[in-house]
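The two complexes that follow have chain A in common; it is paired with chain B in the first and with chain C in the second.
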Partner chain A sequence: MQFVGGSALGLLFTPIPWKVLNDSAIWTQNWPWIPAPLTGEFTSFGTTCTLCQSACGMRARSVGKQPVSLSGIPGHPFNNGSLCTAGILAHHLRYHPSRLRQPIKFLPGTGYGTPLSSTTVVDEISRCLNGNRGPVVILDGRPGRTASALFGQLGEAHPAVRYIPMSAPAFDVLHTMSDAPLGPLGYDIDGARLLVNFGAPLFDAWGTPSRASKVMDTRASKTQTVIHVEALCSRSASRSDQWIAARPGSEALLALSLACVMIEEKLYSAAAARTIGDFGEFSDYIRTFSPEAVSGASGVRPETIRTTARAFASQSPALAIVGNDASYETCAAVMALNILAGTVGHTGGVARRNAIPDAAVFPSSGVRAVSLHDVPDHSICTLIIDESLSGCTLSDALLEKKLVPKDATIISLSPFVTSRPYCTQYVVPSTVMFETMSDVPGPIDAAVSSLAVSAAVLQAPDGMMDAVQFAQMLGRALGSTTASGTTEELVKQRVAAIHASKRGTVFAPSTGVSTALQQCASADELWSALAEGGCWMDDAARGDNAPAAMTLMNAFRAAQISLPQSHNVDQLFVVPFAETTIYNGTPVSPLLSKVSQESGLRLSLRQAYVNPATAMARSVANGETISLTTKNGSMTVQAKVDASVMPDVIFVSIAGSRESSVSAHSAHDVRLLCNVNENGSFSSTPVSLQKVTA
Partner chain B sequence: MLKPGLLRFLAGLFFSLVIGWYVFPYALYEKFEQPIQFSHKVHTGETGGLSCTDCHEIKSDGRFSGIPALEKCASCHSSAIGTSSQEKILVDEYVSKNREIPWLIYAKQPQNVYFSHASHVKLAALECTECHGSHGSSDSLRPFQRNRISGYSRDIWGSTMSRINRASWDGAKMDDCENCHDRRHVANTCLKCHK
Partner chain C sequence: METNHTSPRYGMVIDVDRCTGCGNCMVACAVENNVPPADPKATERTGTTWMRVSKLENGLPFPENRSVYLPVSCQQCDHHTPCVSVCPQNAVEYDTESGIVAQIPVRCFGCRYCVTACPYHARYYNWWDPVWPEGMEKTLNPDVSTRMRGVVEKCNFCHGRLQAARAKAAAEGRRTIADAEYVPACGESCPTHAIHFGNLSDPNSDVSMLSKDKRAFRLLEELGTEPKVYFLSEQDWVHAIVKNKISTELKGHGNG
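Moving on to the complex of A and B:
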C-alpha cells in the first residue's frame, strides 16, 4: 500500500498525466472519420464568382484542383480585390448539407419528395411538357448567359413555350412609357452627381459588399451625394449622406411629390418635357401630390420634400433609383422623376447599353421579352425555373399567383432542395460553382454590358446537369432544336463573337490592367483572359440616347396611385423585415449561416423593432411582449425598442428565412398578417398594437 | 533508520519518477528512419553553396514549397554526381523511377493551423534557425519520432518532456507561437493562425 501511495504521488511529478491528457485531446481531433484537408503543394487559379450577378473576379488557392481558400483579384473592375462573405466561402457549397444528389419529385402539400432516377425524371418531364396541359413558361433568373440563349431558342421554336428573362421592374415600366423601344437599360450610378435612392440596398447588398465599397469609393472621389429613402435606417441609409424616413408603401407618393415640386417650380428639363406627349395631362395629374398633401401619408415634412426636389433638379446629372422588389407604382413614380430630370439615356442617369454581341448559333428574334408581371394571373400550367445559380431568388408569392391553382407543375434545376408546397415540382440536381464552366454576365441593371467566365476545375457528381445541358434536355423533350455542343464550346463561340465586335475593354488578371479589346490579338487571347478570372466590359452606348417620345399617363393610369382619403396620425403599420444580404433565400456555406444566425446580431423570429417614441406612447418597454393585430390575423412578438426605425412602423423579423408561400408559413410568420402587393411582395399593413401583460 | 513503510513509499515514488521521466518518453514516441540520409551540410554553406530558400522556396505570391519535390532534386541528380550510397538510393529508387521521396516532416503542423513562411521570413525577417535550429547544417537526418497517441512529430512538443529552458527552435506548440508573438508585439488573435 505504501508503495502504491508513493507511486501515485510520484506520478504527479512526472510528465505522464499532463502529457497523456494533452496528447489524448489532440488524438480526438484526428479521428479517421474527421475529414482532413488535402495536402500537397499549393497552386492558384483565377475564376469568376457566380453567386450573384456582380461577377466578382476571384483567385482560388488550391491543393491540386481542390480550392481551399478564395480571395478577390486585385484591380478587378468589378470588385477590386474584395469579396463578400458568401463569396469567400463559395467553395463550401459543393459540400452543402442540402445539396441534391438525385432528382426529386415533390407533391403539393406534402413537403416530402420522392427520389427519382435521372432517366425517370427526364421521361416524366417529357410527358409533362408534351401533355398539352397549357402554356409552358421558362423563367430565367440570370439572363444573358449561354444557357439563357438556349432557353430563348426554345421560346422561339416552340409555340407553347414562353421565355421570360428576369428584368428590372423599373425599366419594364420605363419601356411602357416610351413610344419607341429603348433597348437594354442600366443605372449609371458612377456617373451621377446626386442619387435619390428609394429603398434599394445600394451599400449593403446591391451587388455585394465589394461592389458597394466600389460605389462608396466612387462617391468619395467625385463628391457624389446620396439621399436614401426608407422607413428603416438600414446600412444603406446609414452610409448615405441623408436618410429620409418615409413610411413603407409611401415611396410612390413621395416620388410623385418630388415631381410635383419640379413641375410647380419649373425645375424640370425643358428638353425632356418636349418629348413627353402628355406633359400637360401629367402636370395636371401630378399637382394632386403636393408636398403638403403627401406629408401626412409619408411622414416626411413638406420642406424636406421641396429641398430634395430642388437638389435633384439642380445637381445634374441626378438619378433616382429603386430596388428590384419595388411595387409597380413606385417604379412608375421614380422613373417619372428621371424623365423630368432629363437623365434618361444620358450619362449619370438611366443609360442605354449595348447588348452583348450574340454568337451565330444564337440568332435573336428581336422580339422584346415580356415580364412575369405581364403574364395573366393563374395562367401558367408548367413553369421551368433555372435556379442553378444562386442570387436569382424569385418571389414565391408571385409565382403562386401566376400558376394555375392546384394543377400547376414547376420543373426546376437547382443544386439544393427547393420545395414549393403549392404545386407538383420536379427538382433536377445541378452542378455548383467550380464544377461547371459558365459565362457570367453582369447585373441586369448595369450601365454597360459585361461578361466573365467561371472555370470548371472539379468533377461534378454523377447525374448533375449544368444549365446548358438542362436547356438541351428540355429541347429534346419538346422536340425542338437548340444549339448543340458542350457548355465550353458554346461559351467560346460567344467569346469569339465578342472579340469580333472589337468593342469594349478586357481586364486580364495576369497583367492587372484593362486594355481595349481591339488590342486583343485573337479570340483565344480574350478567352485566356476571361478563363483566368478576367472580364470583358462593353463601351457605353454612343450617340443621343434620350427617348424621342414618351407617354407617361398610361403607366400612371395602370398604377392607380391615390392619396389616402384621410390619415390617422395614430395609425401603426406592420412590415416584414429581414436583414438584406446578397444571399437572402439562397444557401450559403453552413459556416456562414451559423455565424450570422447564431451571433445574436440579428433579430430572430417573433421579435420586432419599435421606435422609442411609438413604444413610449404605448407604454411598451424594451423586451416586453406585444400583440399585433391586422385584418388578416394576430400574433405576439417581443418588442426591441430601437431608434433606427421610424415612428409608427413596426418591423417584425422573418429572420432571413427563405421567402416562401404564405400558405407555407407557420402561425408565427408576420407575412400572414400582411397584405400582398401585385408583384408578390408584402406591403405595410395597418396594425393595432397591444401590450401583453403576464 | 527509516521505517519499512516509509522505505516502500519512497521506493514507489522513485519508481514512478523513473517510469515517468525515462521510460515513458521512450514508450510514447516511435522512431522512423528517413528514406534517405540527406546531408544539408553537403548542399549548403561553403561546401554546396545553396541557401535554405534555394530548395525551400518562398514563391512570389507567398506560397511556400515546403520540402522540395523530387523534380528539384532531379534537376541536379538526374544521374549520380558523387559516390555516396545515399545518392545512389536517391537516383536508383526515386529519380529514375520518378517516385516522390516519402520524407517524414519534423515540423509539420496540424491541419487547423495556418502558418505562413512568407510572413515570418520575409515580413518579420526571422532567420530559419530561429525555428529550425541547426537543421540546415546537419550532416544526416535524425530519426523522425512520432507520438503514438496524437500522431504528431516530437518536434512539436520539443525534445525535452519538461519543456523547461528550451531553445527557440525546440518545440512549436501554440504556447511557443503565442510567446514569440508576445515578445515581438505581434497580434495574437485566434484567427491569426486558425483561419
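Moving on to the complex of A and C:
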C-alpha cells in the first residue's frame, strides 16, 4: 500500500503526467471535422475587384488557383494599396451559403421559389418576352461595361425594349436637368477646395477605399475643407472640418436654402445662370426656402445656412456631393447647387468624362438615356435587372410603382436567392468574382473615364451565366442581334479599341507606374497590364465643358419638395440606416460578423441607434429590446444607445436585410415601416416606441 | 533600413485620429489567421476578434458628442507579461528573437487563466468549433493552423508572416529583414495608413520615432507591462479618457 501510494506521489514529480496532459491537448485538437487549409504551391496574381465600380487593383495570394487572401496593389491610381472590408473578403462569395445553384421562379405573394432547369427557364423567359405583353425595361446598375453595351444593343434593336443605364442617383437627376446629353459623369474630389457633403460616407467606404486617406491628407495640407451634413455624428461627420446636424429628411430643404441664399445675394456663377433656361422660374420657386423658413424643419440655424452658402460660393471650386442612398429630392437640390456654383464640367466639380473610346466595337446610337423616374407609373410589364452587382440596391418601392400591378414579371441575374412578392420573378444564377472575365468602368470619385479588367481564374459552377451571356441569352429570346463571342473576346475587342485611340495612361502593377498609352506598343501589352490588375485612365476632357443648356424645374416639379406645415418637437421618427453602401442589401462574406455581431462596431440587422436622452425618457437601457410601431406596421429591434445620434430619431439598420430572408418584404426590413413618397424615397416616419419586457 | 534579426522588438503605432473604424483590420486579421465566422449564438462577449476596434466617446451629449476608434489587439507586453506568468502549460511564450508574445494553441488546455490575467481583454477563448460554410475552407490561409474549441487564441503580430520573411531572407543569404518585408495583415489592410509597424529597437524606424511623439500614449501604462503597441492622438479628451477611464471603456468588449 505504501509502495503504491509512494509511486503515485512520485509519479507527479516525473514528466509523465505533464506529457500525458500535453499530448491529450494535442490529440483532442486534431479531430477530422476541424477544417484544414489547402496544401499546394503558392502563387500570386493581380486582378481588379468587381464588387463595386471603384475598380480597385488587388493582388491575390493563392494555392493553385484558389485565392486565400487579397490585398490592394500599392500605387494603383484608384485604391493605392487599399481595399474595403467587402473587397478583402471577395474570395468568399463563391462559397456563400445563399449562393443560387439553379434557376428559380417565384410567383407573386409567395416566398417560395420553384427550381427550374436551365433550358426551361430560357424557354419561359422567351415566352414571356415574346408574348406581346407590353413594354420591357432593362435596368443596368453599372453602365460602361461590355455587358452594358450588349444591353444597349437590345434596347436599340427591339422596339418594345427600353434600356435604362443607372449611374449614381445624383447623376441620374443631373442628366434629367440637362437639355443635351452630358455623357459619363464623375466627382473631381481632388480638385475641389470646398466639399459640402450631404451624407455621403466620405471617410467610410465611399468612392475608392483610399479616398478617406486622400481627403485627410488634403485637409492636413489646408488645401481642402469638408463640411458634412447629417443627422448623426457619423465617422465622416466627426472627421470633417464642420458638421451640420440636420434633421433626417431635411437635406433637400437645406440644399435648396443654400441655393436660395446664393440667388438672393447674387453669389451664383453668372455664366452658369445664363445656361439655365428657366432661371427666373427657379428663382421664384426657391424663394420659399429661405434660411428662416427651412431652419425649423432642418434644425439648422439660419446664420449657419447663410455662412455655408457664402463659403460655397466664395471658395471656388466648391463641390456638393451626396450619398448613393440619398432621396431623389436631395439629389435634385444638391445638383442644383453645383449648377448654380458653375462647377459642372469644371475642375473641382462634377466632371464630364470623355466616353470610353470603344465606338469601333460598340457604336453608340445617340439615344438619350432616361431615368427610371421618367418612366410612367404602372407601365412596365417585364423588367430585366442585372443583380449580379454587389452593392447595387434598387428601391423596391420605386420598382413596384413602375410595374404593371399584379401582372408584371422581373427577370433578374443574381448569384444569390432574391425575390419580390409583388410580381412573378425568374432568377438566373450568375457567376461571381474570379469565375468570369469582367470589365469595370471606374469609380464615382474619379474625374476621368477608365477601364479595368478582372480575369476568370476559377471554373464557374455548371449553369451559371455572366452578364454578357445573360444579355446574349435575352437577345436570342427576343430574336435580336447582340455582339457575338465569348466575354473575354468582347472585352479584348474593347481593350484593342482603347489602344487604337492612343488616349490616356495605363498603370501597370508590374512596374508600379503609369505611362502614356502611346508608349504601349500593342493591344496585347495593354491587355497584359489590365489583366494583372492595372487600369487604363482617359485624358481629362479639354476646355470648358459646362453644359450648354439646363432646365432645372423638370426635376423639381417631379421632386415636389415642400416645407412641412409644422413640426411636433415631441414626435419620434424612424429612419432606415445604412452605415456603408457597398454591402447593404447584398450578401457578403459571413466573416463580416467580426465588425457587427462579434464586436458591435457596426449595427447588425434588427439593431437601432437611440439617443441616450430618448432612451432614458422611455426607460430603455442599452441592449434592450424595443418595439417600433408606425401606421405601416411594427417590428422589434435591439436598442443601441449612442450619443452620436439625434434625439427623437431612431436609426434602424438595414444591413443585410435582403440576405436574411428570401424576400425583401420581410418582418426584418425597417423600410416597410417607413412612408414612401412619389419618387420612391423613404421619408422620416412618425413612430411610437415601446420597451419590450421579457 | 535593415535590422538585425537577432534583436528586434516588433511594435505597432496606431494613429487614432486617422482611424475611421472601418473594420478592415478586423476582417483582414481574421482572413490571415483563419479565425472562423461567428457561431449563431456568439455575442460581443464570446466572439473571437484578435483585433477589436472599440468606439471611444468624449461623453458629451448630442451634438457636442465626438468619437474616435481604438483598435485593440494583444498589446505585446514586454515586461511582467501577465499571460506568460500564469499559463500552467507553457502555452504562452515570450519570443526573445522578436519580442512577440506567442500563443501556442496545441499546448493550451483551456484553463483561461491568461484570459483573466490579461488587463487588455485581448485574449479569446474558443467557445465553439471553427465552422466555415461548405467550400469556404478552401480559402483558409495554409500558413496558419485552425484551432478547435476549448483553447485560447490571440494576436501574434501575424507571426507566420515573420517566419515567411525570415525564410525568404535566409534563402537570399541575408540574416536581416527590412521593416517593409514584414507587416501584419491589419497594418497592410488599413486604408488610412493609421497602423504603423516595425522594429522598436531600431531608433531610425518609423515606429520607433512615432512612439516617442508627444501625441503617443499606451494603454494602462501604470501597470508596468511595457506594451509594444502605441497610440497617437492630438485630441486631449482622448488622452484624458485613456488615462482615467480606459479600463471602464473596454469593459464588456473583452472575452470570458
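Here, the second predicted complex is superposed on the first by the 529 of 694 C-alpha atoms of A that agree within 3 Å, B and C clash if a C-alpha of one lies under 4 Å from a C-alpha of the other, contacts with A are read in each partner's own complex, and residues count from 1 in each chain.
Keep in mind that, in the parts below, contacts are C-beta pairs under 8 Å (C-beta built on N, C-alpha and C of every residue); 3 or more make two chains touch, one makes a residue touch a chain.
Predicted model only: the values in this text are computed from it and were never measured.
Participant: With the two structures laid over each other on chain A, which partner does A:Pro376 touch: chain B (first), chain C (second), both, or neither?
Facilitator: Neither partner.
Participant: A:Ser44 in the overlay: touching chain B, chain C, both, or neither? Say first, second, both or neither.
Facilitator: Touch status of A:Ser44: first partner only.
Participant: State whether A:Ala36 touches chain B only (first), chain C only (second), both chains, or neither.
Facilitator: Both partners, chain B and chain C.
Participant: According to the contact criterion defined above, which of chain B and chain C contacts more residues of chain A?
Facilitator: Touched residues of chain A are more numerous for C.
Participant: Touch test for A:Arg235: chain B only (first), chain C only (second), both, or neither?
Facilitator: So A:Arg235 only meets chain C here.
Participant: So, does A:Pro159 touch the first partner chain B, the second partner chain C, both, or neither?
Facilitator: In the superposed model, A:Pro159 contacts neither chain B nor chain C.
Participant: Where does A:Ile16 make contact in the superposed view: on chain B (first), on chain C (second), on both, or on neither?
Facilitator: first
Participant: So in the superposed three-chain picture, is A:Ser69 touching just chain B, just chain C, both, or none of them (first/second/both/neither)?
Facilitator: In the superposed model, A:Ser69 contacts both chain B and chain C.
Participant: Touching A:Gly5, do we find chain B (first), chain C (second), both, or neither?
Facilitator: Touch status of A:Gly5: first partner only.
Participant: If you lay the two complexes on top of each other, which residues of chain A touch chain B in one and chain C in the other?
Facilitator: Shared contact residues on chain A: 22, 24, 26, 29, 36-37, 42, 69.
Participant: Spell out the part of chain A that touches chain B in their complex, as residue ranges.
Facilitator: Against chain B, chain A makes touches at 2-11, 13-16, 19-20, 22-24, 26-27, 29-30, 36-37, 41-44, 61, 69.
Participant: What does chain B use to touch chain A in their complex?
Facilitator: 5-6, 8-17, 19-21, 24-25, 28, 61, 63, 65-66, 69, 110-112, 147, 149-152, 157, 161-162, 195
Participant: Mind pulling up the chain C residues that touch chain A in the complex?
Facilitator: Within the complex, chain C contacts chain A at residues 18, 20-24, 26-28, 30-32, 34-35, 37-38, 42-44, 47-49, 52-55, 57, 59-63, 65-69, 89, 105-109, 129-142, 144-148, 150-151, 185, 188-193, 253.
Participant: Using the touch rule from the top, collect the residues of chain A that touch chain C in their complex.
Facilitator: By the definition above, chain A touches chain C via 21-22, 24-26, 28-29, 31, 33-40, 42, 63, 66-72, 82-85, 88-89, 91-92, 94-97, 203-205, 209-210, 212-213, 216, 233, 235, 238-239, 243, 245, 589-595, 597-602, 611-613, 643-647.
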